[in-house]
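Presented sequentially are two complexes of chain A, the first with chain B as partner and the second with chain C.
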Partner chain A sequence: MRIMFINNQGAGYANYVQIADNTTIQQFFAIKMQDQQEADYLIRVNRMPVPKDYVLQDGDRVTITPVKIEGAQPVLLEQIV
Partner chain B sequence: MKNNIQKKSMLRFSPTAWAKLLFMRDMTNNEVGGFGITKANDLLFVTDFALVKQKVTSISVSFDDEAISGFFEDQVAAGRKPQEFARHWIHTHPGSSPEPSCTDEKTFDRVFGPCDWAVMAIIAQDGNSYARLRFNTGPGGEVKIPVYVDYDCEFAGSDLDLWIQQYKANVFVDEILKEKSEKLIFDEKLLADLPPLKNDRSFSLLTSDDLIAEVDKMDPIERQLFIDELAVRSDFWDQENEVLYG
Partner chain C sequence: MKKQKKLIRLTTLLWDSLKRLNRSRLKQIQTVMDDFSDKCLETTKDSHLFNTAVEKGWLIGAESIRSKIERNLNEFSHHLQRFKELINSDESISPNFIDIFGELLQIEQEFGKLNIDFKEKTISVITEDIVLNDFSFGPFEIRLFINQIKKLYNDSPYRIIAIEPNPAGNNSDVTHPHVSGEKLCEGEGHVAIRAAIEQGRFNDFFTLVKSILQTYNPDSAYINLDDWEGRGCYDCGDTISADESYYCEKCDREYCGNCATYCKVCDTTVCLGCSIECPDCKRSICTDCTNTCLECERRFCEDCLNKEGLCEDCEAERIENEEQHSEKIDAEV
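== the complex of A and B ==
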C-alpha cells in the first residue's frame, strides 16, 4: 500500500512511501519519527485530524509538522509567560 | 559586487523578497514571522517571504499549528520540497536588537534541531539583522552568516495590494499577551530588575565554496578541527548586524 508522507525531519520528505496493510497512524509515527514525542507534532491525514488508531488507507496523505513555532524579543516575553 | 564564493556563505534575499519582508515588518509595531522560500538549486537564496497564520504582539510571534500543516501541504502541492520552504525561519524584532531571545533559541532547537540544516534569521526594526546556519550532519555545528540583498538576479516588482492582503489574512494580534506585555513594558521597576542579555555564543563567517557540502565531506576529526577553528575566529566578520546590498 502506498501513501504520501510529508515532514521536515532530516533531509525533509515529501514523497510516497510503502507501508504494510492495516498500519495505524500511531504505528506509522513510531516508525517514521523515531525518538520523537507525538506532543511535539501536529499529525494530519488528508488535512484532517484522525484518532490514533486510524488505519491508513491507500493514497492517504500524512503530514507531520512541528508545533509551537514561536519567537520573542529578548528577555521581555520570558518574563511574562 | 560579491563573487559567487562569497555569496554562497551568506543568507541572500532577492530584492523582492527583502522588500516584502521589510514591508511586513513595518506594517505595525508588532513582530511578524514566516518562512523563506528558496530555489531548489540555491538553498541560501530566499526568493519569497511566506506568511502563515500567526498571533503577534510587539514582543512575540507564534505560528498557528494548523496553518503550518496547511502550509506544508500547499507548498508540496506547488512542487517544492521541504528544504525549499521550511528551513528558513524568519521573524522580525520591532526594537533595535536582532539577537535571538531564549524563546527563539528554544524554538530553533526543538523545531529545527531534527532537520539536516536550518537557518534562523531575525530582522530588527532599525535594519540590523541576524542569521545563523545550523547543520546537523556528522557532529553538527553552526555559524553566524551575513544577510545580503542580492541585486545580481532577475527580480519582480512590489505587489503592495497582495502583500497587504496576505498580512491581513494571516497576522492577528494576540490581545491577551498584548495586554500583559504592555503592562510589563510600562513597569519601569520590573524592567530595571531584568537580567542583562547574555550572549555567550561565538560565531563567525564561514567562507567556503559550498558550506554544507564541504563540511559534510570532511571526516569527523577534520570537521571538529574546522568547527573549533570557527570558534576562535569570531572576529572574522565584524559587520555581523548589518545587511549588505549587492
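== the complex of A and C ==
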C-alpha cells in the first residue's frame, strides 16, 4: 500500500512511499529514521498524534519533524538553487 | 460559522500566494531554460563552422573553433547542472485548498491559537517560553507575511518577534542566540523550511521554526550564552560583565578595564578618550583636571604648571631668556 511520507529532517522530503500491510507507525519510524530516537521527533498521522501500535492505512499522511534543529548562519540561496 | 468563514478566507489568501510563488519558480525555470537553450544554439553554430573549416582545409580556423568549444564546455556543463537541479525540484507536491485548510486547523491544535491579521495579511503563532541552558528568552511570535511568500527565493517571508524580550547585553537586536533583527538563522532547517512553505505545509513551517528556537548551537550563534548578559566595551567592543565594566563619567559610556583609567588628580573613572597623559609627570588625568600652558599651549595636570601658568620647560626657557636679556643689558652698559 501507499502512504504519503513527509520527513522534515534535512531537506524536508515529501513523497509517496510503498509500505507493507499491517506496518505500525513504530515500525515505519524504525525503518525510515534508522538509529533515531522517537522522543526527538513529533510524529503525526493524518495531522494527529497516534499510539505506537497504530497500523498505517493506505493513503495515510505521516509527518516526522525533529523537535531540535540547529540554527546557524544563513546558507546562500544560490548554493541550493 | 464565523470562524470557518475566516479560515476559508485565509486559505484562499494563502492558496493565491502559493500560486504566485509557483509562478515565480516557473519563471525562474524558464530563464534557466532560455540560458541553456542559447548555449545549445551556440554549440550548433560552432559545429557548423567547425565542419566548414575542416572541409575547406582551414586548419588554423578549425583549431581556433575547437579551443572556443573547449572553453565553452565548462560553462555549458554549469548551465546543464543548474537546469537539471531546477527541473528536479519541480517534483514538489502542490497543495490544494483542502490541504491548506487542514494545515490551519492543525496549527490551532498544535499551537493553541492561530493569530490572523487580514489587514496586514499575516498569520502567526506564539511559542511557549523558550529556555536554553537555563536562560529564559520568553515566548516568541512567529509571524508569516502572506504577501511575501512569493519572494521566498530572495528573502525570508517571516519574522521572529520576542514577546518578552531578554536581549543580549551588548546588542538589543539579538533576542535569541539565533535571532537578530527579528530574522532567524535557519541553519540545518533552511531547506526544510523552504520546502514546507513551497508545499503549503504551514503547520510544518511553524513547527520547524519552533524546533530551531528550542535548540542552541553554540558553534554558530550570533552571541553565545556565556556572553549573553555581558555588555560591550564602547571602545574595543569586547564583552564585559557588570562587575568588570567601568563607567566614564565624562562621556557616560561603559568600558572594559583596558579601555578605562582613573584621573590621578580627582580619582574619577574615565575612558582613555576622556583622559590625557600629562606630558611632564606622565600621570593620566581627566580633561577637567588639565590646564593649558600659557606659552606652549600644551595641556598639563595642575601640579605641573607654576603659579604663572607655565610648564617646566617654558618656565626654564623664560628664565634663560631673561638671563640672556639682562646679560645683554649689562654688556651694553
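Worth a mention:
Note that the second predicted complex is superposed on the first by the 63 of 81 C-alpha atoms of A that agree within 3 Å, B and C clash if a C-alpha of one lies under 4 Å from a C-alpha of the other, contacts with A are read in each partner's own complex, and residues count from 1 in each chain.
As a convention for this text, contacts are C-beta pairs under 8 Å (C-beta built on N, C-alpha and C of every residue); 3 or more make two chains touch, one makes a residue touch a chain.
Just so you know, these numbers come straight off a predicted model, no measurement behind them.
By the touch criterion defined above, A:L42 lies against chain B and chain C together after alignment on the C-alpha atoms of chain A. In the superposition on chain A, contact is made by A:T63 with both chain B and chain C.
In the superposed model, A:A72 lies in contact with both chain B and chain C.
The intersection of chain A residues touching chain B with those touching chain C, taken from the two complexes, comprises 6, 8-14, 42, 44, 47, 63, 65-75, 77, 80-81. For chain C in complex with chain A, the touching residues are 28, 82, 85-86, 91-93, 102, 105-106, 109, 153-154, 177-178, 184-196, 199, 201, 203-204, 207-208, 211-215, 217, 219-221. Those residues of chain A that touch chain B in the complex are listed here as 6-14, 36, 40, 42, 44, 47, 61, 63, 65-81.
Those residues of chain A that touch chain C in the shared complex are 6, 8-15, 42, 44, 47-48, 63, 65-75, 77, 80-81. Chain B contributes residues 31, 33, 58-63, 65-66, 68-70, 72-73, 76, 80-83, 86-87, 89, 91, 93-95, 97, 99-104, 107, 110-111, 114-116, 122, 177, 180-181, 184-185, 190, 194-195, 197 to its touches with chain A in the complex.
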